[in-house]
Amino acid sequence: MQAVNQKIVELKEEVYKANIELVKQGLVIYTWGNVSAIDRETNRIVIKPSGVDYDTMKPEDMVVLDLEGNIIEGNYKPSSDTPTHLALYKAYDTIGSVVHTHSEWATSWAQAGIDIPCYGTTHADYFFGKILCTRALTKEEIEVNYELNTGKVMIETMANNSKNPDELPGMIISNHGPFGWGKDAVEAVHNMKVMEEIAKMAYYTEQINRRIEPISQVLLDKHYLRKHGKNAYYGQ
Amino acid sequence: MQAVNQKIVELKEEVYKANIELVKQGLVIYTWGNVSAIDRETNRIVIKPSGVDYDTMKPEDMVVLDLEGNIIEGNYKPSSDTPTHLALYKAYDTIGSVVHTHSEWATSWAQAGIDIPCYGTTHADYFFGKILCTRALTKEEIEVNYELNTGKVMIETMANNSKNPDELPGMIISNHGPFGWGKDAVEAVHNMKVMEEIAKMAYYTEQINRRIEPISQVLLDKHYLRKHGKNAYYGQ
Amino acid sequence: MQAVNQKIVELKEEVYKANIELVKQGLVIYTWGNVSAIDRETNRIVIKPSGVDYDTMKPEDMVVLDLEGNIIEGNYKPSSDTPTHLALYKAYDTIGSVVHTHSEWATSWAQAGIDIPCYGTTHADYFFGKILCTRALTKEEIEVNYELNTGKVMIETMANNSKNPDELPGMIISNHGPFGWGKDAVEAVHNMKVMEEIAKMAYYTEQINRRIEPISQVLLDKHYLRKHGKNAYYGQ
Amino acid sequence: MQAVNQKIVELKEEVYKANIELVKQGLVIYTWGNVSAIDRETNRIVIKPSGVDYDTMKPEDMVVLDLEGNIIEGNYKPSSDTPTHLALYKAYDTIGSVVHTHSEWATSWAQAGIDIPCYGTTHADYFFGKILCTRALTKEEIEVNYELNTGKVMIETMANNSKNPDELPGMIISNHGPFGWGKDAVEAVHNMKVMEEIAKMAYYTEQINRRIEPISQVLLDKHYLRKHGKNAYYGQ
């Protein structure tokens, strides 16, 4: 029990720091983002409280939930996007952390309702193919269980494209903005920052050359597999 | 009387800090903005002095006016946009603070003379519909009582669209730039920053997808009413 | 003589600080800019040395010239753009300081070879009409006395448009970049920063609305004359 | 031997600082860049280690290689782009340092697969003509010896255009990003920053005027030769 508590304390610190890092990386202003992380052994999720100012927020303000969203610990209401986070944790057991922002470039692609094409090796180093944009939610999906359905439409989009979250560590929600993930909160925030840079350069690329096509599969394979999987040779 | 004085001193501090915050948020360079706030009990308005350098400006430099624009207290002339601020306070008694800037994105939409469409949930979280752009002022409106008429054309635009300032906490003036407001100066500046982010992302959205349509009414309702009104469930 | 020396020492300090301010305002990287100022009583010009690093530059490194470009004082060669500065001082006796940069937005308009239209009141507050772009220099003008001819083509453009440097405190050189000026170095740098902001917003304005027209003469008059001339009522 | 060691120690310091400068200049986030430098007397190359965090990296972490890529000294694997760097050092003996980034503007042009035209004197001050973009690599070139072939395609492009690396101190790789170089690491990073600024302004220039043509040969000659070669008169 003491060991469990210690892990949760550390997870609160990790989630707190990741939320602050979002601001530092220019991905979030005001309260426009949230990070969560899960301890897979106990199925406890730690998530940012809803609408609390980042300037005054402390690690102990993080909220602890179970997978059904019941509050186990915490003095605040969890992020209103909690059901979206939970849906992703339930669907994909390799995800250790989920991040949501309204960062300007990824959000603009989401608002435009268009997948972000893979135009270069920066993209291919992290995402094994285009960054998928969900369909718009239906009237019914918006009116009842909106945040849960936001998670479901991401899962549906991933399945319809025969992709998994390990090879595409982020997605954009039509009319809304990006979600990203990783094995822990540091990696999830990193992937979110990468998605933002990719989104920006894809925009510029299309403005420079309106007839540009995505990179070849062979170049995508080369760069993605240089960094990921059993034959990777990038890094130490 | 002592109590009134104390409130005015606090309002000066609040207005001063809000002006400085505009610079910190990247919404203002040089003297290109102004904030005012009103004490509704005494109908005293506190406003930034005209053309005074932000670096040397102090809380006590703020000018105190009555609703007719008479100077009650202060060593400086008030902002040249004072009649616009007064017109808004008179027309809408729920407004506690007014902000004006020449921030790059909102001003660019204003110069383009086009309403900022609601393309996503970031917009819908704060503005219950598109951000309205006024018509251009007539020759007569420009030549006589220009600043007053700038306020009047905003009020006219709001009425013609059957909207009120609580659900649309900002507007853009054709050929000019944005005005924003809120219950106090902190909220007014916050809304102005939001308007700027929304304006930027609407621009990018249109560049990515020139055929994009505004979000559905049901999604607009969902997000706006999630944060505002009696059924709100965002925040603590 | 002592008094003259004191004035030159102060002018060196002013020119030095203005060069540093260009970097601080984001208008210059590396050695991509220069500021000069003139003492009209003695016709001594103080200008930045050529290609000296801003990090190590000191006020005493500024070069003192006469109106013919002879070095009166200084251990360095003056900016290679010196003949352009001198041409402007000779042509216009109301100019007290000249600034040149390769700032991104004004330079992009210059490279595009297009006058910056007056799309809003931010522009009208400082420039009494569009910001003029010169014609391209001829082969002969480039090959012999290039920097002098750069000054001459600005003067020609001003005359052809029946404008004077007091009402248009800056201009762009086709294929090159902006020059700005003012009564002293502080004002000249201020006008340059304003030109950059105006150039950026004009770009965005055209992207938002490709059919946009410049503002009306009556609005231009209102804003420019609100801040300039005998009926000005902006500021203290 | 002591003298050789001292030179290598200094080169490690130079390469380390240049890597940090890339981050400071906004050209690199995370580990998205690398700098190397060569000691031409001993043919020892010093290069950044692969995938090591810039925050914790130290000068002594730099890897020392010979021209065949054998590790002479170092506790880490060298950058995965090492074969590209080596190819450039072998082909051009005037190059003292090579830099690679994924900076946003140069990378966007690379992704668009388009040479960066010379639209102004800022460009002409550093690059004697357009910045070349390589062709895309073939399937075979990607699958075997990819990083070496990335170097080869740059050398091929330079030759096909009858250019040399002294007059074009950088290039963009189709679908990938920029490489730059110089006589030492300070100059190589400087040229990379310049390429980024040029790439940005070329983009804006085309957006402002879609029919814009590159500058004339006479203006290109004037500006390039004002700063380079035996008749240069810019700087001290």
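So that you can tell them apart, the chains are marked A, B, C and D in the order they are listed, and the count of residues begins at 1 in each.
Methods note: a contact is a pair of C-beta atoms (placed from the backbone, for glycine too) under 8 Å apart; a residue touches a chain by one contact, two chains touch by 3 or more.
A quick note: this is a predicted structure, and the numbers were derived from the prediction, not measured.
Novice: Do subunit A and subunit D, two copies of one chain sequence, contact each other through the same residue numbers, with over half in common, or through different ones?
Specialist: different
Novice: Using CA atom averages as chain centres, what separation in Å is found between subunit A and subunit C?
Specialist: The mean C-alpha positions of subunit A and subunit C differ by 47 Å.
Novice: Can you give the whole-Å distance between the Cα centres of subunit A and subunit B?
Specialist: That pair's centroid distance is 33 Å.
Novice: Enumerate the residues of subunit C that touch no fewer than two other chains.
Specialist: As it turns out, subunit C has residues touching two or more other chains at 207.
Novice: Building nodes from the protein chains and edges from chain pairs that touch, which of line, ring, star, complete or other describes the result?
Specialist: Topology of the interface graph: a ring, with each chain touching two neighbours.
Novice: Please list each pair of chains that are touching.
Specialist: A-B, A-D, B-C, C-D
Novice: Which subunit C residues qualify as touching subunit B in the complex?
Specialist: Per the touch definition, subunit C meets subunit B at residues 119-122, 190, 193-194, 197, 200-202, 204-205, 207-209, 212, 215-216, 218-219, 222, 226, 233-236.
Novice: Of all residues in subunit A, which touch subunit B in the complex?
Specialist: Within the complex, subunit A contacts subunit B at residues 29-30, 32, 49-52, 76-77, 80, 102, 104-105, 107-114, 136-137, 139, 142-143, 146, 175-177, 203, 206-207.
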